[in-house]
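What follows is a short report on a single structure.
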Amino acid sequence: MSARDLDDRPLQFMGDLSQLPGHGHSHRSLTWWGMMGLICVEGTALALAAAAYLYLSSHERQWPPAQLLPSAGWGTAFTVIVLLSFVPNMVLNKRAEQEKLGPVRLWMVIMTLIGVVLVAIRYFEFRSMHVAWSDSAYGSIAITLLGLHTVHLVTDLYDSVVLTVLMFTRHGDTGRRYVDVAENAIYWNFVIYVWLPVYVLLYLAPRWL
Amino acid sequence: MSARNPSLDGEWLDEAATHERLRRTWRDAPGLWGALTTLDHKRIGLRYIVTAFGFFALAGIAAFVMRLQLAHAENELVGPDLYNQLFTMHGSTMMFLFAVPIMQAAGIYLVPLMVGTRSLAFPRLLSFSYWIYLSGGLLLWVAFFLNIGPDAGWFAYVPLSGPQYAPGKRVDIWAQMITYTELSSIAVAVSTIATILKQRAPGMALNRVPLFVWAILVMSFMVLFAMPSVMITSTFLLMDRLVGTHFYNPAEGGDALLWQHLFWFFGHPEVYIIFIPALGMVSSIVATFARRPVFAYPLMVLSLLATGLFAFGLWVHHMFATGLPRLGNSFYTAASMVISIPTGIQIFGWIATLWLGRPRFTTPLLFVGGFIVVFVIGGLTGVMLASVPLDLQLHDTYFVVAHFHYVLIGGAVFPLLGAVYYWFPKLTGRLLDERLGKVNFWLLFIGFNVTFLPMHYLGLAGMPRRVYTYSAGLGWDGLNLLETGGAVLIALSMLLLAINIVRSLRSGAAAGANPWDADTLEWATPSPPPSFNFAHIPLVTGSHPLWESERLRVMRGLQLDKRELVLTSVLDAQPDLREPLVPPTIWPLLAALAVGGMFLASIFTPWAVIVGAVPIAITLTAWFWPKGKAEEEAEQ
Amino acid sequence: MHSALQALGVHAQHIDLVWRTMLWICGLMYLLVIAFLIDAIRRRRDSQSVAPRVELQSDSPQVRRMSIVLGGWIGLMTLGLFALALTSFLTDRALVHAAAEPQVSLKITAHQWWWQIEYTDPDPSRHVRTANEIHLPVGAQVHAELASDDVIHSFWVPNLHGKRDLIPGRPAEFRLQPLQPGRYRGQCAEFCGLQHAHMALEIVVESQQDYAAWYEQQLATPPAVSEARAARGQQVFFTSACNLCHAIAGTDAAANYGPDLSHVASRRMLAAGTLPNDSEHLRRWLENPQRVKPGNRMPVVSLGPDDLDALVAYLGTLR
């Protein structure tokens, strides 16, 4: 066919895109890339805060100064639960990729409840830090490090609540929604992974060094 | 499907009907509502460009006033307080509100066209980020005109910028403006990366991607890793100032140098974020006007990647005078010198392209010539500054002012102006006047050198930076006066550019789709392109699609009655999915208002962060809540 | 004198070697780039019409030759940078080893916007305190401890050495060795607030005898005031709150908030290099320091003209 573009360049039709599917999972979807971008940004911010923590600690002979060691109870409980949550999260991820409505609804509710529990534990963790951010540089960076991770935790929880609600509406059983659920699960994994170095820095390193 | 004419079995619609249907599907609402809800990357990109040039003008005027003050020793035109605000506003505006946004804007407008797609990825995020950028910049300048503009420099070293020595709201406004506007930068970077990796036209494998797109890709990755640093840095400062933390307070275990490390970890990549897209512009212009592809394409790509990577390993060279351990300093000397090698390769590459080609000396190519002559001087003074002993003399003097203006104006503004002359026809459908363009160039070239070349000498002769005046009798007077004269020439050249633009918009010669006979895909669309960019997604079979064949090879099959584009695989750009796009929406604007409101209020009370989270949550939820059956129907 | 281009100290001379090496090598590289660019422009002079495109051949002999030249260019850049890096590293080492056996020991504390100078001596009774002006014997190896009281400043006397930042909470060690007599101006080189532009200092390098004489004079307590106007001026000093900030040896004024004025009349400049130290300028300064140096820490104290003259006379006796 000798079609011409409206600007008079002759066109040559080479193929047909109309049979391509309308959504795909993981790195085939734009959502995944957006999520990865967010993870890069937030990961960098947290890494820099951790670097600041280490930098400031190198100035002090005793860190935390004046025996302000945080109690490790709540922090360790958080760590254990968040690590265990990896399992239901991966189940959710799998079911979302399989696009099974029933199991996805179930596991979204479970993950949301886990998130609520973790936020509650986090509240007690703050209290077991024994220091205010205005007390010293240690207080400032330690509370901020914990606070940064908490922001990730809380925003992911909110996100999960919205998604869970959506899964129970008429918008739930669509391809795009399953992609959103799977990507949200990836973000939760990020929340888990990025907690581990923070846990080591705040609770373990001061005890070992 | 709806692409076919139902009354002619199996036949596709003709071109005129296709365009008509696409126009209807992709149009914005009329008037103000359309402007507020549009998700068209070209409309938003143009907004970015105009806004960025507006800030450029404001920052330029600030610099002009500074030059007037410095024309004579012990001048009393501007007192120390206003002068300190002026140079802070000049630097902050140029770096945060002009240079990075304009480069990102070039990507916003051109990348989807160059890779053969219909939209930038995450268009609502793009709209949101523009409103953040605009309001953040306005916040800063309104503060300045209310005489509460920041005055601690664009780099705001503590303790000078801390709660004890910078009382009041000035630095608070600055710190919050930074965190806020860098949100916008990061958002655009995420969109751009997703576009370049997933939305390229079928067949545009990575080794066929234009150098400009590579440059924007590298820059966008750099933004992801550099901007969070300045956000963290300025947030720590804000916390020290507003809620009594001690990140930077040495009396309580903090460290003034922590600020410098965190700031320059961002600050050094920042200048390469500005510079690298300009290199992409140069490649586009050189190829078109040398009438041949750029020499050594793989090496040019590797150079871009290497520069972007190394840029993160240099930041301590801003801190050589602070007394850090020598061994560490030596590493940064070596790194700061090594980074000039990939750039040197690129300079060779462009000159070689001209040498091997048949250069046509239009205004864009003139600006490229100016770029080479000016930027290389800046690059070489950068090598000088990389030496620790020499830096100890040159640091914080006018030598450094000369250096960074040579690399920023030479390395970013000259290519940018060349890009304006080059792509103006595509954006507006009209050509800029060539003769005016050449006068524009020469005025700028001469004015720039008259202003900034003597500064090398002044720095060596002892003149420090950031001084609102200087003593008579030190031998600095005559050169300062000369530099102010040069500034007048620069201002005139900018005026000439503005005149050229206005005249061309009114009555410039009409440009067709491809007035320069260039090789990349953006020149296959009408000038200016329709809202849907391409009626049919191109199929790319080589690196220079418009030079390889008279015909434009395209794919058909995307729906005409729904907004749709195609996603392809990352490496080889094999067609993979059809991606539906949401229609125009007001929620990004509302979300930006919510975020902006929270940031503004948080300057005055920390509780704003908690309270402000509520409207943000509401607007973001509304933004993402699926609307109607549009998406479901797209899933066929 | 105030210039890095005239290196009159040991350290500045080492640095000058780097500067000159850089100038030659970088200059050469620049000329090569420009020559290549000019050659490229000269080769094809085309008309304004749309020129035909060069064929998309990647393997012509010209292209291959260009690749070889590129290889040479990369080699040249690497060689040049290596030479420059080596020069830099060797000079860095030389700077550290220079002036390693100090004969004069200083403690310099930077304030917004003046320099507090103290000569430390193992014998505390030979401790000198002054402001904004340093005297040194020619050829002496000098050790200085640098500190800041408030914000970051930078100590820079370009004829003698590069600069060093003075960062609160991070005291620094600095070395100097002046080689020729003369007056060398320095200026704060780190933006430190409103009067960063007026924070200069002077290093006077003189013969050993002249230095010793100056040092003894600085040690001596200023004589009791005899002349009537000066005596009145001393009274003005104590009743106008001057003694709340400034110290004068041999009197009750012992505050260290502002510069020590015990020997203010022996200094060549006032207000950290802002004004020459003569009675006319001193009078102008005392009358309204905020007019001369807006934002500085010295408040305006309104004095009648007679009191002002008396104060100027008094301060003039403090040699």
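The first chain written gets the first letter, and so on, giving A, B and C; residue counts start at 1 in each chain.
By our rule, a residue touches a chain if its C-beta (ideal position, glycine included) is under 8 Å from a C-beta of that chain, and two chains touch if they have at least 3 such contacts.
This structure is a prediction, so every number in the text was calculated from the model and none was measured.
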*Which chain has its C-alpha centroid at the greatest distance from the C-alpha centroid of chain C?*
A
*By CA centroids, point me to the most central chain in this structure.*
B
*Whole-Å distance, chain A centre to chain C centre, using C-alpha means?*
51
*Cα centroid separation between chain A and chain B, in whole Å?*
29
*Between chain B and chain C, tell me the centre distance in angstrom, where each centre is the average of that chain's C-alpha atoms.*
37
*Sites on chain B at which at least two other chains make contact*: 255
*Hunt down the residues of chain A that sit against at least two other chains at once, touch-wise.*
none
_In the complex, chain C residues that touch chain B_ = 2-5, 12, 14-15, 18-19, 22, 26, 29-30, 33-34, 36-37, 39-41, 43-44, 46, 48, 50-54, 56, 62-63, 66-67, 69-70, 73-74, 77-78, 81, 84-85, 87-89, 91-92, 95-96, 112, 150-152, 154, 156, 158, 161-165, 167-170, 172, 185, 187-197, 200, 273-274, 294-295
*List of chain B residues in touch with chain A within their complex*: 1, 3, 14-16, 19, 121-122, 125, 186, 189-190, 193-194, 197-198, 202, 224-225, 227-229, 231-232, 236, 239-240, 243-247, 249, 252-255, 258, 261-262, 265, 512-513, 524-526, 535-537, 539, 550-559, 566-567, 570, 575-580, 617, 621, 624-626, 631-632, 634-636
*For chain A, which residues are in contact with chain B within the complex?*
3-7, 9-24, 27-30, 33-34, 37-38, 40-42, 44-45, 48-49, 52, 55-56, 59-60, 65, 133-141, 144, 158, 162, 166, 171, 174-177
*Can you name the residues of chain B that touch chain C in the complex?*
79-81, 84, 152-153, 157, 159-160, 165, 250-251, 255-257, 290-293, 295-296, 299, 321-323, 326, 329-330, 333-334, 337-338, 340-341, 344-345, 347-349, 351-352, 354-361, 369, 372-373, 376-377, 380-381, 383-384, 386-397, 460-462, 464-471, 474-475, 517, 544, 547-548
